[in-house]
Structures are given as structure tokens and as C-alpha cells.
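So that you can tell them apart, the chains are marked A, B, C and D in the order they are listed, and the count of residues begins at 1 in each.
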Amino acid sequence: MSKTYKAALLEAMQEAMDNNPRSLIIGQGVTDFKGIFDTVKGFVDRYPDRVIETPLSEDSIAGICIGAALNGAYPINTHIRADFGLLIFNQLINLAAKYKYMFGGLFEIPCMYRMVIGRSWGQGAQHSQSLQSLMAHIPGLVVVMPADPKSIIESYRYSIQKYKGPVVMLEHRLLYELNFENDETKLSHPIFGSKLEIEGTDITIIATSVMVLEAKRAANHLKKNGISVELINLHSISHPDKKIICKSVEKTGKMLVIDTSWPAYGVCAEMNRIINEYKPSILKVPSNSMGMVSTPCPTAKALEEMYYPDVHDICKEVIKMVKKDGSEINLPKKISMTDFYKHFKGPF
Amino acid sequence: MSKTYKAALLEAMQEAMDNNPRSLIIGQGVTDFKGIFDTVKGFVDRYPDRVIETPLSEDSIAGICIGAALNGAYPINTHIRADFGLLIFNQLINLAAKYKYMFGGLFEIPCMYRMVIGRSWGQGAQHSQSLQSLMAHIPGLVVVMPADPKSIIESYRYSIQKYKGPVVMLEHRLLYELNFENDETKLSHPIFGSKLEIEGTDITIIATSVMVLEAKRAANHLKKNGISVELINLHSISHPDKKIICKSVEKTGKMLVIDTSWPAYGVCAEMNRIINEYKPSILKVPSNSMGMVSTPCPTAKALEEMYYPDVHDICKEVIKMVKKDGSEINLPKKISMTDFYKHFKGPF
Amino acid sequence: MESLEIYKDLFYQSLRIRLVEEKIIELYPSDLIQSPVHLSIGQEAVAVGVCANLNLDDWVFINYRGHAFYLAKGGPLPEFFAELMGKKNGQSKGKAGSMHLASPKQGIMGASAVVSSTISHAVGAALISKIKRENRIFVTNFGDGALEQGAFHECLNFASLHKVPILFLCEDNNLAVHSHKKERQSFTLEKLVGSYGIPFHEIEEGYDFVKVQKLSKISIDEVRNTKKPVFLKIKTSRYKEHVGPGEDFSAGYRDKNDINKWKKLDPLLQDKKLYESFLGKINNEIENAVKFGLESPLPDREDLLSDV
Amino acid sequence: MESLEIYKDLFYQSLRIRLVEEKIIELYPSDLIQSPVHLSIGQEAVAVGVCANLNLDDWVFINYRGHAFYLAKGGPLPEFFAELMGKKNGQSKGKAGSMHLASPKQGIMGASAVVSSTISHAVGAALISKIKRENRIFVTNFGDGALEQGAFHECLNFASLHKVPILFLCEDNNLAVHSHKKERQSFTLEKLVGSYGIPFHEIEEGYDFVKVQKLSKISIDEVRNTKKPVFLKIKTSRYKEHVGPGEDFSAGYRDKNDINKWKKLDPLLQDKKLYESFLGKINNEIENAVKFGLESPLPDREDLLSDV
């Protein structure tokens, strides 16, 4: 049985409403006919008290979620673009992340902030950012970037039913419509840790979110050409599984980190810290980082294509890292990720 | 001739007002008798039009600075605590950092955000954060952490008179009252790049802000005990000098990064990325990161002392990294940094 | 100018904007414009009527729904199409796209896709203008949804406190995406604005560019004369979906009748004669502009890396 | 209760808070309290008068100037001193200190040192209370400076829109640090609040705990009965510097006479007889509480790492 990413989100939200009477869905557009890209569509009719449309007031709504959590609710606050999430950074970082610690454990703030990240289609500088590293730097926040339906189901369930603190879920816009085959792997811990996606021997790729998919495509292509990629899906950006990361790089001697954001001060940087604090000698060649080009995101499609790395670029980098001369290996065609994933013809 | 950190700030602000008629100082408390810890004290009397007290409205004031810059001013926006800076992240990251690029070069936003970071004295979780890495992740922002009067004079002058984009200046509260001997070293570029503070052979320490001072104290102590530390003052967090960093670590084979914030996704992480993308084999032992403990900042002095690393902890780590057995070396006494720097008896 | 002349002139300008946007709708399925578009169809009279009272050196700060203001204030059309097509000869080399139009020469100072985020920019520019003792005014244009953002309130306070020459211009189409004002707002705008000591004016007939021009002149003159903030709300009506080239009446969140009533009053739809008389000239200009866009080269790697 | 009894009771509570803070001033130079303190001396009657009308399960959300509300709502005194001294037996194991007082058992739901940042928490808690059909009310207490933050305005809008049972309580001491209200605010608060349809009340005699108790009861009852937001502003007066144990009249930013006038009306200073009659009992309690703090162990590494 296969399932789309957004169907999994819908399922997770449905389960939240049905199995946890404290759940509250709150944000702009949660009651409209689009229902946050179909993930809470129609909910307001079934749970009129617990699905709350809001004014355009991100800051106070984030704080309202904290107060709601204090009074026993489990608020799920949606942000159609993580870029607008910058408006809640005071509440998220100064308040939600610190509430439990600052008061010596007197309070807990179980809640979820769902933010949509990443490119879709000509979104430009203010509708495309992946701000995970800003949040992952902050103790007290759990930041998760689910890359497939199964991780969604597991991690949302755990957050909503078991975890007692704020969780930031970053959902990639490009993944929503994608169909995934049923996947038997299980996360050892749904909101902490990472997942070994593919075992291999020549190089370790650590990827986040949609880049896990691109890396898989690259790994498939490379496999046919005799290069064996080990792929780690980072999943919990704030609490990655250092053991599987170090073990893998120790085996392959090579690390390529592919993130949805800028490399500097981001996931790419943190992975290198993890390796070097463990044992730098396991890296047999320089590590490599892929992510957005170090500029704001341009709107023009022609520039966007250069801005984001894709399967073509990944294969190119891997070949460089693995073999001195990869001239005999064909690169996959440079097809736009948005064209490949097909669903961005629409305006948004 | 010696000079305090805050005297240098006063001098830089004075020069801004006198040599650049476009300069504007704007923020909460800029006209009061404390004058941002004496750095703009009395200015309002001399430049009544160009020193602007504001309401408690960080978000809009940050945006007002952008508009002011568009109309030819050079706004210097003060924030008595970087923690409140989280309220301007939308303007800083979505607007100021992107204005030039997003409009294809039609506009420039020369302006400065001065934010006070770091501990002083029982400031707790919301008055003590060092949020440099969140900003350094963002293309379009220059983030500088001056560690001494000379870098202040040079980098503020360059920003205000020459640079055409937004600069974030992070000033450490503990440094304000400190007196520095005249220092003959010069930054090769005042707002980009880093500075070699001490040459040495056994280990490279890369430090930011007040930790440069602690590292110097540690280096002195260690020198007497036969350990030669090479110390790099990172200075420009967003645009560090990769060359001197790599060259140094290549020489010493060991790297300890000491930042004022949390290691994960921070300066410590980024330094490891720089090394590994250059040549991981130059690291002969695992790298090491020091910074705040990975929790929010507690208020109790007893906990604060454990929370922040100091000269004692630095020496201990260096000895571990340099010699297998450092038992013959005496550690400097664990004296509170705030006690050592002496000026925190007051409330703020 | 005679009032008939004024009518014709404003009609021409409004129609030009509408036809430009209809051209966008026509082009959209071909994927020549690969970026979200927030159309102003139905709202053109606001931009045209207000900008008719602005000087070249008066600055306007707009948002992602910016086509109408960009054109009404004089932004060049060929560079507009090139921009939307993501081409190098676009106003911003294609980096901006539809959501971030700007043209400083004509005083269009940049659009943001974050609701409410350019209001403070206008206040800041006006503050400096006051300090420099300039004689010009500033307009910040935003939707009814922007009124809910804290930043807007902070701006009212600051602008009034510092007495800066700014027109707060609210384009009230009663909708923020699919949500109606009454689901989002508990305040009476007039009273709210009044509590800051800022004069409040309202224009109900946002379909009528002549009325908008005449009545907004009063507000604009008030800003010029008093050099203080004034608030003007103009009721208007969005014919299309929030974002994209289509209609979405079938979605059920709003009543097509409301729009139909408005359309009955819309001169661009009613005055068929004048419409016909201008069509050729405008379409000609548009065809040339589209051609300019089509022929423009794509931006390249150098463009990607510059302007940071 | 007889009105004399009420007077005595409220006097006792106010005096207790004042003496606690005077003890803090006394202890401060010894560095037993190594954290900034924002004293409420001069403002005690607000907390005491308002809390007299609150039930144990009514929740209050406060800020960094929170000693008075913490004590007036029933927060335990020994744990208070231990907290300020950074001790393990403090309410929050010393992690909170003076700026982040809380005591959920008594409905003191946490204080933030970021201005205006707990107002939305109160609104959120009240929203859930309404959904759960509880019968209690929520109070958010903030200074006049908080009115300038956008978040405050967003909260007025949301609270009124969703009709939640909340008292917006503004402690107006006319100062934000060293800046006077007139340098910061251009609005008329009553009109502003009124524009949201929220009833506005004002108490001028913030020195008079009996008046505060009586008049704030009207506002509080209104919240209970209507289950809707009500705004109450209480004029008050900060005797000490913004932060720290001292006075700063010599700094010249405010007039000592203004404070002196207020002091002439302050029962804690005027009613010497009652003052004397309570002194012993209160000081006794304080001594024991200080002793509790002194004897408490310091938090340790385990405390440092827990509660993340």
C-alpha cells in the first residue's frame, strides 16, 4: 500500500483529534477549503471547538498556544511558510523552549508548530526558507524534518501523545503530493534520532527532508554505475543519532551532507562537528556540503534551478569524492526537481 | 595608552555622528542618563534630531531603520539585550538581509544593529543569549563580535562609512568596563575576517568575543607550563578568515573552539565544517567545543558558574587534548568570570 | 483638466492594468511565468485613483499584490513582463518576480510578501524626510489582513508620535486569503485609528477611479499640509482567487453575487464604448512589452551570485 | 467583612510585601541575591487589591516585576527568598530568580522578562478555559510600556474576537525604565481599548488598596459574569529605580515631588500606628523565610542539566 506525504499528515492530524481530546488545531487557513494543503480539511465541521482560525497575528498566536498548553491543551499551530515563523521566534525561543527549565520544572509546554519549508515554484526570497538550524541551535526545542509518510505517522503520534515539550515539525512543500511505497523501516525513537535509509560502502550521504529523496535517486543511479552509497535520513535535526552517523562515516571514510538550507552554520556544519568530536581520522577525503547557494533565494526559474542542488549535482559531487576520474560515468539529466515531482504547475 | 571597551564604543558612536551626517542612533534608552551603558550618553543634547528614543516596539523600529536607510540615513539601532533581538528577526532576516538581492540590486540597506549579548550577573534564560549563529546562517547579514576596543573602532568605522549593507554588532556585556592595553595588531578587513591573536604550536584555539579574553588568560597560564597555544579571534562570525583558521590547525593538528553560545549548530559546528571541507587529516586528535551547557541559562549563581566555561575549564580541556597525562600541570583556580572581571556587583 | 478628461485618463490607466493582468492570465498556463501571482483585477481603481495625486518623488511601499500600484505609479511595463518571466532584463533581473516589484525611479520602493512588513519601512523613510525637511509624502499600502499584525499598531503609534508625513492606505477587499474580516477582527477601524489621533477617511466606492482620485486627494493633501499621518481606507473587491489566475467561487467561501454587484458598478465593465476605444492602443503596448520579456535573455550564474 | 477589617487585612498584606522588598534591599549589598531585582515598592496596593478578588484557581500571568503579585496571590515566602538567593529549595530550584517567579498551586503561572510576552499566554489559557466551559478567570498583568508592543494589540483583538474571560490589567507607573509615557505613546488608551469593544476601567488611586480592591472587583466581576475581556488600568507609582535596590532621583529624569505627593497618600507610610502593630509579626515571618533561604543547599550539576 502506498501513501502520499500529505495523506500521512492528514492521518496524523486525524489521529490527534480522535485519540487526544486535548488536541487543538490553530492557525491561518485551518478552517478554509484548502485546509493547509488538505491536511486538516473539513476538520472544523467535525470538531468546531478545536479547530481555530486566527487573525494574521503569528506572534500572539504562538503565545496563545503556550497558554493553551498550560491549561491542558495540545495546540498544533500551523504556518503555511516557515518564513512567517520568524515572527514567532520570540515566543518559540524565549518562551516555549525555556518555560520548563526557567521555572525549574514547574510547567510543561507540550505543543507542536507545523511549518512548511522549502521551494515549490518561484517562491522567491521570503517564501522558501528552511530555518531548521536556527531552531535546532536552541536547547528546549525538538526539531524534526520528516521525509516520508511513515516518519510522519510515527513522529506526530509520539509528539502528540507522549512528548511533553514543544516540537517543531518542518514539512517540505515539494513532498506533499508525492506517493511513497510502504516502507517497513521503523524509527528507533520517533522524534529523536535518525534513520539509515540505504546501506552502502563507498560514501555516506546525510540528508534532510526532500534531499533524502534526491539522494535516493542519486544513490540508485550511482549504484548502477558501481558506486555504493550509504544514506542517512537525519530526521531529528536537533537530536540526530550520532552513533549511526559516526559508524557510517567510519565505514565509508567519506561524508557528503545535503541539506535544504544554507551550509554555513547549518546541518552541514553540525554533522562535521559530530564527526570531529568523535574521530576526525575517519574522514579519508574532505567532507562536502550541499544546500542552497549562499544568497537569498531568487524567484526566476532559471536561477532557482542553479540555486537548489538536485540529483545531477549530487551524482557529480559523489563521483568527484569517490573516484578521481569519473569520466566514464554518465550523469543523470539535469531535470528540475519541481518538474520531476510534477505537481508545481499551480500558483502556490 | 589603554582604553575600555565601552570607551571605544563611545568613540565609534561619536565618530559616526561627527563624520557621517547620515548617522542616526535609535532605540530604547538612547536618550536616557545611562545612554546604552555610556556609549551614547549625552548625544541627544548635541544631536537632537539624530538620536531617537523609541517606544517598546522592536519589530517596527527595525523596519523603520530599513526605511530610514532607503531614504539615505545610516541607522544604528540599539538592543540592550540580544534576546529582544528575536523580535526583529522578521525584519532582519526576511527584509534587511534580502532587500538588495531580492530587488536585483535596486536598493541598498546600510545600517547597524547593535545588540548586547551574554552573561553579566544572574540574568537568567531571557537576558543572556548569544544568538550569533542564527544570524550568521543568513546570507546578506554581516555578523561581527568585536573582542577589543581596537576592533570596535575599526569595524564600526568601516561599517558606518563604507559598507552598504546591514551589519549586526554583538557586544558582550562583560567586556564593557574592561580596560585594554593598546594593541598594535590590525584587522586585514575590519568587518570580514578573523585575527591571529597569539602564535603558538601545540593547539589552535578559535574563540569569539569575551571567550577570546578567557582563552588568552588560559594561553598565558599554559605557556608557563610549556604548552604553546595559537589563538584566533574569530571576529567576523559570518565571514571568518578560513585561511588563517586552516593554516593554524594544519600547523598544530588540534582545534578547540570556544564560543559564547551553545555548540550545536553554532560557531563550533561551523569551524569544523571549514576544516573538513579543506582537509580533515590536519586534525590529529578529535576537535573540541566549549560553550554554554546545552540548556537554557539558569539564574542561580551556583549554576551559572557551571554553565559558562572559564579559564580553568579551558586549561583543563587543552591539557587533555595536548598531553595524555597533564597531572603535573596546575590548573588556575576556578574564579567566577564575573568576579574576575569585577564589575558585576550592580543589578544589571 | 476637465472632468471628462480625468475620467478618460483614469479609465485608460485602470484598463491598462486590467488588460496587463488579463494577459498574465492568458500566459499563465504556458508556464512563461513561473511564480505565484496575486492579481489586482477588481482593485485597479484604488491604485490609479491614489497615484493620480502623487508626485514622482512621493514614495509608495507596497506588498505582494503589487501589479496595480507598480503600473499606476509609473513602473515600466516591458521590464515588468520580463521580471514576471524571470528574465535578466526584468526590473530586478528576475530575482524579484511578481511578489517583489519595485522601481525606485518612480518611487515604488519595494514590495514584501510578508504581510504588514513594509509599513514600518514607509514610516522610517518618512521620519528621515521630516528630519531632512523634505517636501514629499510617503504612502504605505496594505490589505485589511495587515491590520491584524502587531507591527501595524506599532507603526500607527510611532508615526503619530513623531508626526511623520505618511498616508496609511488600506485596500479593504474584506478577505485575507479565504477568511472574512469578521472572522479575524473585533475592532472598529475608525475608532482604533482615531485613538492615535490620526485622521481617518473612508471611500466606499472603490470601483470608481474618479471618486477615489477626488476623495483620496483630500487625504493626500492633508498629509502634505499637516505633514502628519492620515489613514485612508478604500473598500474594494477582488474578482479572482487569492493567488493564481483563476476564480474560486465554487469553493464556497464567498458569494458570487457580492462580486456581481460590484461588477455592475465597475466602469471598466460597463463603459463598453470607452473600453473598445482604448483596447487597440493598450494591447499594442502590452504585446510589445511581452515581446520584450520573451526576447530578454535569462539571468545567469553571475546574476545568481551578485547583489548579496 | 467590615470595612475596617478589610482595611487592616489589605494593609497587612501590602506592608508584608513592602517589608519583604525592604529586606531584599538590606540583603542586596551582601551579594546573597545575585540577580537583578525589579522592586514593586510603591505599587503593592495594585497586586493586593486585585488579588483580594481572585480565587485560588484564577490564574495570573505576570512579568519580571513580579514580587508583589507572587506574594499577593499566595506564593510561599520561604521558597521566594530561597529562589532569589539561587538556592535549591527555591520555588524553581534557583533557576528562575527574581525575574521569573511562578507558583502554579496558587495560580501564578509564570513571569517573563521580555516585555508583553505573557499577555498571549493568558489569552491562550482563557481560550481553553472557555472551550472546557470552566468557571474561572485569567489575569494578565503588565506595565504601561507593554502597551507599545504589537503583541499586546494582537491579544486585544483575539481576546475580544473569541470572547475569553480575561482581565487585562495595566500597572501604569508612567515609566518604562527611564522613559515617560508621553515620549512613547501617541494613543488614548481608553479609546484604543474601546475600539475593540472591550470595556475599559481606570483606577486613579493606586496607592489605596481598599479602593483598588473595591473598584477592581467591579472589573473582575464583569469578567466573571460576561465571560469576556475587560481592561483595567491602575495608576501607580514606582518609588525605586527601574531595576536594583536604590533610588535614582538624582539622575534627573523624574521629579521627586511627584513621588512625594504619592507618598503622602500612601497608607503604609501614613498610618504609622497600624504599621507598628504589624511590624513584629511580619518581620518574624520574613526572618524565618530568609533563614529558610540561607539554610537551603545550592542547586547542583544535576539541577543544571534537568528540566530541559
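Some points to look at:
Convention: contacts are C-beta pairs under 8 Å (C-beta built on N, C-alpha and C of every residue); 3 or more make two chains touch, one makes a residue touch a chain.
These figures come from a predicted structure and were not determined experimentally.
Identification of common neighbours of chain B and chain D yields A, C.
We define each chain's centre as the mean of its Cα atoms; on that basis chain A and chain D are separated by 42 Å. The centroid of the Cα atoms in chain C and the matching centroid in chain D are 46 Å apart.
Computed from the mean C-alpha positions, the centre of chain A lies at a distance of 35 Å from the centre of chain C. Residue positions 54-55, 57, 59-60, 83-84, 87, 90, 94, 101-102, 124-126, 139-140, 294-296, 298 of chain B each touch two or more of the other chains.
Multi-chain contact residues, meaning those touching two or more other chains, occur in chain C at positions 90, 93-96, 100, 112, 114, 148-151, 154, 157-158, 161, 184-185, 303, 307-308.
Because contacts link each chain to all the remaining chains, their graph is best described as complete.
Note for the complex: chain B touches chain D at residues 28-29, 31-34, 53-60, 83-84, 87, 121-127, 293-296, 298-303, 306-307, 345-348. Looking at the complex, you find that chain C touches chain D at residues 148-154, 156-158, 160-161, 184-189, 191-192, 194-197.
Chain D contributes residues 59, 61, 90-96, 100, 102-104, 109-110, 112, 114, 117-129, 131-132, 150-151, 154-155, 157-158, 161-162, 303, 306-308 to its touches with chain A in the complex. Listed in rising order, the residues of chain B touching chain C in the complex are 24, 49-50, 52, 54-55, 57, 59-73, 75, 90-91, 94-95, 99-107, 139-140.
Per the touch definition, chain D reaches chain B in the complex via residues 28, 31, 33-37, 86-87, 90, 93-100, 112-116, 145-146, 148-150, 176-179, 183-185, 243-245, 251-253, 298-301, 303-305, 307-308.
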